[in-house]
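Heads up: the structure comes next, in structure tokens.
Residue numbering begins at 1 within each chain, and the chains themselves are lettered A, B and C in the order written.
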Amino acid sequence: MSIYDKIFPPKKMVLSNGKTVLKPASRLPLIALILVLFTALSVKITGFDLGVLRERGSQFFVILGMMAPPEWGYSTQVWKPLFDTLKMSLLGTVIGAVTVIPFAMAASTNIVKNNAAVGIMRLFLSIVRTLPTLVTALIATYVFGLGTLAGTTAIAVFTFAYMGKILYEEIETADMGAFEAMEAIGATKVRAFVRAIIPQVLPSYISNGLFCFEGNVRYAAILGYVGAGGLGLILNEKLGWREYPSVGMILIMLFVTVFFIETVSRYCRRKLV
Amino acid sequence: MIEFNQVGKTYSNGFQALKDVNLKIEQGEFVAIIGLSGAGKSTLLRTINRMHDITEGTLTVDGVNVMDLRGKALRRFRRRIGMIFQSFNLVTRTRVINNVLMSKVPDLPFFQALFGIFPKKDKLEALEALDKVGILDKAFVRADQLSGGQQQRVALARTLAQNPQIILADEPVASLDPVTAKQVMGDFLRINKEMNITILLNIHHVDLALQYAGRVVGIRAGRIVYDGPATEVTQDILDEIYEGKTEEEAVG
Amino acid sequence: MNKQIEKAYEERPRNTVYQVTVSAIVLALLIWSGSAVDVSKTGLSGVQIAGNIISGIFHPDRKLLFNLTLQGVPYLLLETVCIAFLGTIVGAFLAIPLSFLSASNLMPAPIAYVTRLVIMAVRTIPAFVYGLMFIRVSGPGAFTGLLTMSVCSIGMVSKMYIEAIEDLDTRILESLDACGCNTFQKIRYGILPQLIPNFASTVIYRFDINLRDATVLGLVGAGGIGAPLIFAMNAYRWNEAGAILVGLILLVLIVEYISTRIRVKLARG
């Protein structure tokens, strides 16, 4: 019996044949109350106002309107930053995804038997995951200077955090039978891991890596904003100078690239599973 | 009373599922329909509450011509006929009691149905239905935490809460293990005897059919090839129904 | 050796060509992407700065961390939570019609495809571009942050909604049909009970992400904890940045813990 049932005791219902059933009190009223209160608080703090939206909502489309028609001639200058963004994301994803492997292994209860060690490793992964990517990128620009190296680092850290959790969950749900069988015929732990666990985890590992890469391309476009190189850099510049047709061109090229990458990656992921 | 008169059913793709079916089932009978997969058992069952339309002949239930029913009248007619499926068809993510209460939904006024407010009478009836199939203690558990046999009992309770005169069961035990299958068949028999509800069920397990049902209807390629008491079914008759394939079928 | 075994050995599946091609492509892409890395700007000063940053984070500005005025970390965090909360809710509502329009089991293929393209386009535009657009509507502040966040949530939320819609178990509708329910009752009792737990789980997950991403809003002055954090970092006031970061990390860890528990409960009951 949970605490909730103690505060709000279950209702007794009597059937026609004399049997009784306890009906636990519904949690819905409490949940609804919390949601309503929090919404009210949020509306007050953020100044949410539908009237403003109704009156000035059309202003949202002003900049969007100014982007059309896009400045087609500008496209020649977009290629290099666009490729920089792609390179940053690709390299960052690979570095992050590879370096996380030993950490994820150490955070899996079925590989490491020491609960304290697993707990510390998981806390570490959690904390890395809470670091906002933007902060990582800013710090990286201070350490590595402005440019793509900073962006690559930020993406690698983000990938590390994202893949870490997924990977250790994947390793933990792997079937340990094959691992034990390998150990039973005299293989070392590492070798048993390579032959028995990796084949089970690999398809979803690559699939998640590809998924992460898709997201990273979008993220990389933001990172340039803080000076970490790539598309965000020129996007920031053109927005600052209010050259909206050029901004439109950048966004269109980013869209086509993301569309292309997602299509290829979805095809690969479907083949993997 | 359910009465088939020269009933035929041709699907839109030209497949003839039922041919010249004549059948009369009195209130309170327990009828098992046996036959190969694809012989038309399921179609036969589903014409009774008009989940499928018939294309020839007439089908009456308590004097009502089923093919004359439309919209609201059809829905009211279906209230009197319960239906059980092989795959239980429960909303597994809500509590058992909510699944049983679903059968009360068509009688609720719009706003009560919208917010899911059921009168106390309905709730008690739902609980009593659960009691009848012996899983009263699971009433407030989420349906996905029950075993297959328990889930089929929830489906049975849902149908009972509807106070039906007829229960149609489409392969009710096909996805259950042998022991649970017997328990569920026992539930059907008890309901049939105690509440005088007509029960029609499709079944692959010939031995269960012969053991529990009072009457057996054998179907082959859309035609009724046997109709008589379960006690009089012989190996020759089974051979006739299953075209000599009884062995594999009975085991399966 | 047995003829059959020899034959089986001869006929073993061989995909060396495939494997070599894939490896070559991956390797080529990696080398190509390596060309973007320019290490020349890294120097000793970088290491020194890194040291300063880390020491700042481990010695957070306590005055700021426990300051209960409108400039203190607690209030900024509350504001961020509120932005993320309402932003997620608004985005979750906006995503509902879009995801029903692009569910391939409900809609004709062309409509579903076009709506998916729209969702992808909405997702491609970076957050700070939306921020600039919304500032014209509601001026700098938390309201703009909320609107930006809601639009940025649409992409992922509708993607997960679509999966839930496409996974619907339609057999339940058959049994509701058999007990005489009309279309409204079938939707209310057959479809909503299946969708609501999935949708709720998605929204909670997205709230988690939005809280993490709330710093991005600071870039365009759209409220929350992002702007003070970025100002502090740009001014090298690492103790201040440390205080804000510590607060944010603690908050995100707590929210993540709670939201994971709720989502497990939604999935398993």
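The rule we apply is simple: a residue touches a chain if its C-beta (ideal position, glycine included) is under 8 Å from a C-beta of that chain, and two chains touch if they have at least 3 such contacts.
Computed from a prediction, not measured in an experiment: that's the story for all the values here.
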On a CA-centroid basis, which chain has its centre farthest from chain A's?
B
For the chain pairs A-C and A-B, which is connected through the larger number of C-beta pairs in contact?
A-C
Quick check: how many Å separate the C-alpha centres of chain A and chain B?
48
Rounded to the nearest Å, the gap between Cα centres of chain A and chain C is 5
For chain B, which residues are in contact with chain C within the complex?
49, 51, 74-79, 81-83, 85, 87, 89-91, 93-94, 98, 102-103, 105-106, 110, 113-114, 116, 141-142, 144-145, 155, 158-159, 162, 168
Sort out for me which residues of chain A touch chain C in the complex.
38-39, 41-43, 45-49, 52-53, 56-57, 59-60, 62-64, 83-84, 86-88, 90-91, 94, 126-127, 129-135, 138-139, 142-149, 152, 218, 221-222, 225-226, 229, 232, 235-236, 239, 247, 251, 254-255, 258-259, 262
If we count contacts the way the header does, which residues on chain A are in touch with chain B in the complex?
13, 15-17, 19, 21-24
Contact footprint of chain A on chain C as seen in their complex
29-30, 32-39, 41-42, 46-47, 49-50, 53, 78-79, 81-83, 85-86, 89, 117, 120-121, 123-129, 132-134, 136-138, 141-143, 145-147, 212-216, 219, 223, 226, 229-230, 233-234, 245, 248-249, 252-253, 256
Chain A touches which residues of chain B in the complex?
123-124, 127-128, 131, 136, 139-140
